[in-house]
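All chains are identified by letter, namely A, B, C, D and E, in their written order; residue positions are counted from 1 within each chain.
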Amino acid sequence: MLELKQVWKSYRVGALGSKRLVAVRDVSIDIAPGEVLSVVGESGSGKTTVGKMVLQLTSVTRGSILLDGVDVTAKGHYERKVYYRKVQGVFQDPFSSYNPIFKADRVFDTVRESYFPQLKRAEWTAKVDDVLQSVRLDPGSVLGKYPHQLSGGQLQRMLIARALLLDIQVLVADEIISMLDASTRIDVLNLLGELRERGLGVLFITHDLSLANYISERVVIMRHGAVVEMGATGKVFTDPQHPYSRNLIASVPQLHRKWSDDPQTPEELEPDGDREVDPSPLTEVSENHWVAAHP
Amino acid sequence: MSAEVVLQTEVVGRRNEHLYFALRNPKVAIGLGIVLALLVLGLVGPFFLSDSPNEYVGPKSEAPSGEYWLGTTYFGQDVFTQFVHGLRSSYLVGALGGGISFVIGLAIGFAAGYRGGMVDEILNMITNVVLVLPALAVLIVISSYLEVRGVVTQAVIIGIFSWPWVARAVRAQTFTLRNRDYVDLARLTGKRAPQIIMREIMPNMASYLLMSVILLFGGAILFAAMLDFIGLGPTNAVSLGTMMQQSMAWSSLHLGMWWWFVPPGLAITLIVGALYITNVGLDEVFNPKLREM
Amino acid sequence: MTLEVEDLQVHYRTMKGDVRALDGVSFSLADGEIVGLAGESGCGKTTLGKSLIRLDGRMQHVGGKAVLDGAELPIGDDRAMNTHRWKEVSIIPQYSMSALNPTRKIGKMIAELLRSRGKSYREIKGELVHRLELVGLSEKVLDNYPIELSGGMKQRVVMVLSTLLDPSLLIADEVTSALDVTNQKAVAETLVRFRDMGFVKSMIVVTHDLSLVYQIADTIMIMYAGRIVEKAPAETIIKAPKHPYTKALIGALPEVGLEHGDERLQSIPGKPPQLLNPPTGCRFRDRCPLASDECAEEPPVVAVDAGHEVSCWKAED
Amino acid sequence: AGCSDDNASEDPSDLSMNEFPRNQTLYSTGTAWGPPADWNTINPGESTGLNGLGYETLFLFDPQTTELTPWLAESGEWTEELVYTLKLRPGIKWSDGEDLTADDVKYTAELGQIEAVPYHNIWDWLSAVEVVDDLTVAFTFTEARHQEWNNFLWAEQIVPEHVLSKLSEEEILTGANENPVVSGPYEIHSYDQDRLAWVKRDDWWATEALGLEVAPTFIVDIVNTSNEVTLNLMAQGELDISNNFLPGIQDLIASNPDLSTYYDEAPYMLSANTAMLIPNTTIEPLDDPEFRRAMAFAIDSGKIVDSVYSGIVAAANPTGLLPIWDKYLDQTVIGEVGFSFSTSEAASILAAAGYEDADGDGFVETKNGDPIAFKLNVPTGWTDWEEAARSMATDLRAAGINVTEEFLDAGAVDDARTTGDFQLMLNNWSGTSHTPWTHYRYLFQLPVIDTQSTANFSRWTNEAAWTLTEELAATPAEDPRYQEILSELQRHALVDMPAIPIWYNGAWSQVNNSVWTNWPSDSGGGPQVFPSMWNSLWNMGAIYMLTELKLAE
Amino acid sequence: MGRYFRRKLLIYGLTFFIAVSINFAVPRLMPGDPVARMLTRNSVSNLESSEAMRGYFNDIFGLDVPLWKQYLNYWVALFQGDLGVSVFAFPAPVSSVVADALPYTLALLLPSILLSWIVGNAMGAMAARNKFLDNGALPIGYVLTAVPYMWLAILLAWVGGIILGWFPVAGGYSFALTPAFTWTFIVDLVHHWVLPFLSLFLVALGGWAIGMRNLVIYELESDYANYLQALGAPNRLVRRYAFRNAVLPQVTGLALQLGVVVGGALVTEVVFAYPGLGSLLLNAVSNQDFFLLQGILLFIVIGVLVFNFLADIVYVLIDPRTRLGLEGGQS
């Protein structure tokens, strides 16, 4: 359904845009309906950038992004507005996703303004109530409140509800639970699971491997802007092939195993080289499991 | 219905939190009090006093008395009437000059901060250029070429040259705000840039903008007074600056007519000082750190 | 016994009244022990850490005491506390990235700091360099400005600096939260190494990440709404928690390497109570699946096992 | 402050001098409006005393008698109908030791052949200058314009041929003429941005020839600063004389016994020129003499004298002629067609001339019924004029003529006056001179051209009056025809009202008696000369002020 | 660091270019005619002469060539240090008129800017640590910053000059003196300088003090200050660091404030008839001396730019962050 084909992104940095920073290199991934695809990787590996490109919040330097086979990049305002009916996003920080000086339910109003201006008040209210129910929020307890009066979990769920107002096909979820408390994050995570059942594709961006493991069928591991390993979650996490993936998984603190139980020295990795060149190609090591070439 | 009421009060509670602190802050209260009192005097005064502040109404060079509250000028004009009219034009210059520079600064700051990239580079350059131009000198030069100078033209040229620091500050703020998630969210709702700036970014800088307006207002008044004083003030109106200029021109210092030159300067000092104090108070309201002190 | 905290009460003064961030916290800490302090956001972890070294302007020491190595810490007295800081109690702050004066070379700053505490930089320099090398930094960083170092390097410098005078107690507040997994691990292991090498006697590691604290702590304390609800050796807390809150917390943690399949984890419903006017009795009552009438009373602290204390009416079950 | 250094080296005896002894120095101000920067006689800058202290004229003009007295010249007379013969005093030396001779006089007059020299127009009727001997010059004319020639004799300074003839024309016209070689009692000592110091010459001719000796060794003239500063310096005796308008001086005189003015009561000052309201007569209804007459009646000049000037000026005579010409006033004419302040009279003149207030806004309209709204322009920053303009506009409005004051930048006022792009303005360029002819030239000069730069700003055409004015130029004052012409001109001026005289600006002068005394004064036996340092007044006798000054005990 | 300076130089270059161009354009676009002004000043009464004279002046002022050529000539002349001829002080060249006034203005500006900066910062830093001072000194600070320069000057002149009579209220030195390197003269010079200096100094003082106070408070709240205190560093050390870091923005502020102080100096000089650029500017304005006006403006702009540049250098020297080429505002 949503497909990224050899997508590159470079940012201009420095005075008068004199330098370039390649943040995403030759990334090709796709999301099917009813699938949660996790993107994991260290800080700065380009995860957010991928999400932003999908959401067209930043331009694609090279490559293309297709929705149902149609290239959606670099279109005008109108096309973009149509695109946003199908693809929506939720971001990391629930509190900064809301304009702190307005009531939280303003996020719904802006959707109405843009997409349903002709809808009657009552119809709209019913619709909002509907989606709120579907994210298991009690309309009475969240409407008309300021963001700081609501919990992070409620806020994130409201944002998901907002996306749902627009019969979307793809949801980009960028670290949507990393700011939440352990006690509430699981709720939101479970909600994503439910969406998947409704046939939605979710691009789930996280640096927390355990969350990816919990929620997704497929996982993409990124490093230095490129994909190093990709495949079915079970395969990647139980049998990581790339040394970077192995390091990553070994570092995750777990409750059933202490680091001290089997002290591992992290494997040496090749440093971040020239970012302008194509990254090592992916090879399929087993069914639905690709790994980038490494020494 | 009752739930409604509960929500309402909560909302009000939040809205009013800053107001609550603002009103409890002595600096804000004193500052605003002075500014408003003088404003009211300037607005209402002329209705009770003569329309023409330059009329010779009384004996010449009289010290303040019950009849002429601030005495009379060398020609027998009522200083108080002039003072009240002067207040009016000072506020006008402040509001208009401050307003214009605010709008320009806002526009440039937002454009630079929101668009970034080349637009930012260029606008930033312009801002820096205007910033280092010595404003008063430039204003003097420009004013001196105007044949007729009114309060309004004066305010306009002051406005045109005092925006850079606002633009700078707005730009910096916009830089941080434009990367906020809610801005992205607004874009995801298909909003255009001007809408996003107006509806998402600007309200969040409200406290900051309020303070900028205050400073610009005071700055414009001071600038205008300086121009007036060197004889580049409005050619046909009374302002606090021209009062000072007149009092100097007619040797009030030497004739001991302190009532002629003290009130206008004092009023400017009061207005601007009160504005600054309000500003500091507001700063404390918005920045709890300073409230600690 | 290194540290003995007894009924510590610390409040924040606000316009609306006192926020009882620590409302009767008691625990003790043995030599060489690493205690992990975990709990939901806002439960008072940071407040506890700060209380033991430096109260900020709004914090008020209301009651209770802390005894370190047999001497009472003058918690409420900023001046008196100064002699204890760094030498006996030290802290690695959460904000290590910005904890160094940006306009001083690191070596110079450390020298000035030492001098101000009556120590000779020259005497200590050897040890300093040694420790820096231990965490993988060369002596050259002393000639650098903080801005010239990466975030990880700054963090390590701060770790070395904070423990330079071999304090008895080190408080590490969320030192790993901002890091990604690989760095997280390195930092956590360094903390353990410092303890092992005797740079610090004992340590309180504050975090909200239970699985991380499990990796390094000997004992784990779970806080809830300004109180400690359970304290036990790390293994016990994870494997056999007694308090319903602890259980719920652990139950909500997804994990790598486990097949979750279609089985869903459960969250804790509701929110922690406001600390402005905390409810009486058990504070977890409203969210607790086991709550009953007796929970309206303050639960006693029960020692269910050696070193395992729980504050819950249902602990015995 | 470096400029003075280059000059000081000139006179070795003064090299070490860096403090002027108070009792040898006269401090003055009020004349220069800018830094002394040049000593060019053709295009004089702001250097007080250039014409008077430094350079000198052939004759002095005595305003008391309105006659010329010989100065550099020993005598001069019309030896033939068209020939004027002039004899110089013997023994006059330039400051560089050269003799001042007939060649210098000839050279000076012939300088006027350069078009850009202001007195170039004498060559319209002068045909030749001839050196008869060292001290005698003969001027031959094509037309004997007595009054205009007299003007040359007492107004134009004689310059040294041996210095100037070495210079290019451009340098003569616009050069700085540094280190001027002079004939007068003083030469330049030093100068800076804000001051100019003169030092007394030892060998001034008049000491021997006339027994005159200037009292101060040094004259330090201070460039005009603010009134405040001047007043302060005056009151403290740091300044001896100030020749600028100083509001409040009458109060200070009353309280400070050291201060005095020419008269010890109002108007305190001698009159120097006439401030007049100039209507632009190319605009309806200002083209109507009756309308202008109504305006004349409407304005209360007494109020301006009292309120704006606090009595230190005098109201103008309706003819606009300065008090020195009082003897030429024709009272019958004034009685018949003169005017005086009367709002009601103004109103009835308006009504009689057909100007009515039809729309009831309190202001009359033109005869076509168009509304009238005039602006009265004065330069902004000229505070006394601003106040006067306010007062006049108020008076005019009271009489039903809608006039508002408008203060323009001084340059804009100049432009407007020259180009005629104005409605009403104030001007005072008719000043003290040896003959009312200058006044009538100011009023009636023809033809009216696009740019009027010095006269007839109201652009009023009255051929008869101009012919009379030209006749006046050629008539000697002794001729009985002289008074006849003047009477007729007075009538023309009052009937036509091309400009409305309001008040006489003073020859501002306030002096402090604590160091120097015996200042010119109307009473107490002081010399009756202009107590002024203005460049144009030295040769009207103000130079005697310096010779009469005495040190106070 | 190189890039930092290149960038700054670019901005200064551009500012200079724009200022010069404005400078060139303004008098030529605005109404008014300097030559007519010259002629009026000399009140040449006969028409023929004045027309002839106009030719000379047009030539001298360079107004007799097409506009674009005037513009080029203007630049060429500028680089030869030739700013044209003053109308008001004709025929003195503008550059020498300005150069004569410049020392006075510098003598007022430099000490008042630097001293007010130093003293103000010291006061602000003290106020930040002392509640008593904070409550007592700062209100005075607010009032001082709000005072219009000329009003303070007037009050000082009134009290110090007229009522008390302690100081002269006009001129750069006594009219009884001619410049010389003697004690009498120097004392006299200083005597005349005190009041104008004070009026500039006092107004600027308050602003610095308030700014410094706030900055120090922010610094004292910063992470590094907290960390130092947690390690038991004495307040002395923490404050020293806070002060050092708070001074940095004040250095930039100094450069930015310059334009305002220059403006203040202009009006102050007017009040005290101080023979600096301010009085000159006023004279140029009232005499429509475009050329002098341009020259003064140019000097001021150049002065401000140079000062800004110096401030930049100082900033780089004391702030390692800029020295390492890391500018703020870049992601």
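Convention: a residue touches a chain if its C-beta (ideal position, glycine included) is under 8 Å from a C-beta of that chain, and two chains touch if they have at least 3 such contacts.
Which protein is which chain? UniProt says A, C = Peptide/nickel transport system ATP-binding protein; B, E = Peptide/nickel transport system permease protein.
If you're wondering where the values come from, they're calculated on a predicted model, not measured in any experiment.
Student: Going by average Cα coordinates, which chain is farthest removed from chain C?
Tutor: D
Student: Using each chain's Cα centroid, which is most distant from the centroid of chain A?
Tutor: Greatest centre separation from chain A goes to chain D.
Student: Measuring from the mean C-alpha position of chain C to the mean C-alpha position of chain D, what distance in angstrom results?
Tutor: 93
Student: Rounded to the nearest whole Å, what is the centre-to-centre distance of chain B and chain D, using the mean of the C-alpha atoms as each centre?
Tutor: Centre separation, chain B to chain D: 47 Å.
Student: Per the centroid of Cα atoms for each chain, what is the distance between chain D and chain E, given in Å?
Tutor: Chain D and chain E have C-alpha centres separated by 40 Å.
Student: Distance-wise, how many Å sit between the C-alpha centres of chain B and chain E, to the nearest whole number?
Tutor: Centre separation, chain B to chain E: 23 Å.
Student: Where in chain E do residues touch two or more other chains at once?
Tutor: Where chain E meets two or more other chains at a single residue, that happens at 31-32, 157, 162, 270-271, 286, 288.
Student: Provide the list of chain B residues touching at least two other chains, using ranges where the numbers run on.
Tutor: In chain B, residues 144-147, 231, 248, 253-254 touch at least two other chains, as defined above.
Student: What positions in chain D touch 2 or more of the other chains?
Tutor: 226, 228, 232, 381, 409, 412
Student: Going by the contact rule at the top, pick out the chain D residues touching chain B in the complex.
Tutor: My answer: residues 226-228, 231-232, 235, 246-248, 251-252, 303, 307-308, 310, 380-381, 383, 387, 390-391, 394, 404-409, 412.
Student: Tell me, which parts of chain A touch chain C in their complex?
Tutor: 42-43, 151, 153, 181-187, 189-190, 193, 207, 209-211, 213-215, 234, 237-238, 247-249, 251-260, 266
Student: Given the complex with chain E, which residues does chain B contribute to the contact?
Tutor: So the residues of chain B in touch with chain E come to 125, 128-129, 131-138, 140-142, 144-147, 165, 172, 175, 218, 222-223, 225-226, 229-232, 241, 244, 248, 253-254, 258, 261-262, 264-266, 268-277, 280, 283, 289-290, 293.
Student: Spell out the part of chain B that touches chain A in their complex, as residue ranges.
Tutor: It is residues 3, 7, 10-11, 14, 117-118, 121, 180-182, 184-192, 200, 203-204, 206 of chain B that touch chain A.
Student: What residues of chain B sit close enough to touch chain D in their complex?
Tutor: Residue list for chain B touching chain D: 54-56, 60-61, 74-76, 144-149, 231, 235-236, 246, 248-251, 253-255.
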